[in-house]
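Please read the structure below before turning to the comments.
When the chains are written out, they are named A, B, C and D in that same order, and each has its own residue count from 1.
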């Protein structure tokens, strides 16, 4: 079996995964219309698979996913890729441990992002998944490297797999696309709980040693091994 | 094939589109019971197709849509048309580029409308879709041209395809009915995110040149060409 | 065909209607678990049909609805009737134009009810359906006539088909059960929009002549004749 | 039929119940992703059945539930049990009347928990189901007996079947798993209504004799006997 065939099989598998994971975004109320997307690195290759631009979630199939190189240039696919492809390609180029990226405009997270305010770590779920506060990245507009650079610089200084881009929305990363989707779901849940809590007073901070203990345990013990 | 037959075929197609698009309104939480509607201009004719008044979304079919002339008089259909028909007919008469109109009482948008307050442009989604703030139109009650006139006068002074009519609800327009539905979905999403953001402080404004850059790009590059 | 047979047929029809209408309560987020119910008068008879107590909405069928007389005594049915039966029977005894009653603990309406605060008429939807503010009834606990009396006395002084019982929830009435369900849906929608509007400032009141004009038109022109 | 066979049949039945009840958690918006669980005591045996850790609600079956002893040690099952198993086992060991336990991070309840604030009894639903305020337990992190001990000590001083663990989430108990699920649903509903009410003013307290009368009636009369 040739190397080319292996790439083809791997791409087909990633197309299926990425197409299927998009269903989680509307299911958890993270997106409206076509405003959000999932991408995945093709393992072992300098390629990514991403949603086509402006196509409804109900119409996504493995076949209409778009394959791009890590400069965001289309390699395979009939459709124009998501307008967030350049930003996500930048992330894959600069963070080699990242295998999946998700972008949403989920409402509670956007509420924090529009104020340019990090979400403080006041719930055990936030400590478990994000290892501290969920940080804010810079205001950056689409069209050059500035969104990608903002994501990477913010995530490098944090344990969090999620960043709130100011006035914009959420980008999450993970070792694979499923983990990045999970982080996007958890980010909105934390954004909402802490928003609600703050509406009627001040949530109690969690001391750093407890945050660390919760994070370590969740990253290393939770789930099936 | 006669001209009359062409009109009939076109009307049948528009009936199908308008009936189907109504499903998006409850799906995105923009309406309850029967309180909202979609209409479309019949391309090339001084006619519009609109929801029948007081009929449940589950019961809408291409056949029970109502065809009216641009004065709002019923031309074809067994049912009384939406009570918003006069306002929407006024819009089609005065804004020739408009091919679709949507009306909702979506809750976050109504919250801004009841205070008579425009939604400030503090998220990239708002800049993308609305090109600035979402404006407020006058208080006007049903029964004469005042709602239609209020919509048209407000939209003429704005890039926004959405207007919040004071104490009332949302009207959106687009080159076709699908675009108007999209604007209604986006309007509620923006109304909600900015509402939430304002509850805990002041969102950061987006500078006008960035708003313009985002709007131009989204209108001209986003989606499939 | 005997009179008895006519009653049986009518009851069967009302059982079907009441069982089916319960599906609207969870659909519109007005209830959780088993906490809400619909009843209907059996036209032409001193009987009502109501939900069995503590049975899940998914398990409701025409056959497990309970038929009671207007003192709330079970006439037909295997199950204990809703614990709200006495209050609803009181309404049917004292308001002969009422053909349907709905009770919910819908969250935004309960928020107003827990403060004992009427919902001001600041949206056209509120003027259309309720003809003014949605009034508050007294605190009354279950077990005697006090809930029913509170509902009737409050509704008699208002055009509203909905009353917020203090610290408790919503009761709505209508000429039939479907109208009462509609009023319950609209009540929560208005309670939510006005709540949201008030969170960030003061909604603009609608002048009484406009409220009257909207109410008259909606009651007499809206829908299919 | 041997005693062993009886245990096996009982366990199979409890596996089915526990697997099925998990569907209520996402249905009522009490959980996201895999963050919540239901367990049940195996009647007549020192065993409990609980969700496997980190498995999606859609993938739960009777077969992948995990059987543990009351020290939280796995007795039967292919999967690692929920990371909350130790806390729930502690509850079963110390509260013999408890037959079911539920844990969620439902958003409104977490909002109260993050402030360390009990939910005051200002609605009849809260009096009915919780018999007073919903209390707060201590901050405790996972890994020893401290969560279980916090739950038990808080519930022993209250009529409430629900406790808000500070900065964490909700634990509810009941004579069986279904009752504990009901308490979790009601807890979030009460947390939301009272949160909303407090946003615009002060809810009116319910006097203790009325709370007692409502609680007694609901516990003894509501539902089918």
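We adopt the following convention: a residue touches a chain if its C-beta (ideal position, glycine included) is under 8 Å from a C-beta of that chain, and two chains touch if they have at least 3 such contacts.
Given the structure is predicted, the values throughout are model-derived calculations rather than measurements.
K.L.:
Looking at where chain A touches chain D, is over half of the residue numbers used by both copies, so same, or under half, so different?
P.N.:
Different-residue interface.
K.L.:
If you take the mean of the Cα atoms for each chain, which one ends up farthest from chain D?
P.N.:
Result for the farthest chain: B.
K.L.:
Provide the C-alpha centroid distance between chain A and chain C, rounded to the nearest whole angstrom.
P.N.:
Once rounded, the distance between the two centres reads 45 Å.
K.L.:
So how far apart, in whole Å, are chain B and chain C when each is placed at the average of its C-alpha atoms?
P.N.:
Between these chains, centre-to-centre, one finds 32 Å.
K.L.:
Return the residues of chain C touching two or more other chains; collapse runs of consecutive numbers into ranges.
P.N.:
Where chain C meets two or more other chains at a single residue, that happens at 199.
K.L.:
So which chains actually touch one another? I want all the pairs, not just one.
P.N.:
By the stated definition, chains touch in these pairs: A-B, A-D, B-C, C-D.
K.L.:
Touching residues of chain D toward chain C in the complex: what are they?
P.N.:
Those in contact with chain C are residues 28, 122-125, 182, 185-186, 189, 192-194, 196-197, 199-204, 206, 210, 213-214, 217, 221-225.
K.L.:
For the complex, give me every residue of chain B touching chain C.
P.N.:
Listed in rising order, the residues are 32-35, 52-55, 79-80, 83, 105, 107-108, 110-117, 139, 141-143, 166-169, 195, 198-199.
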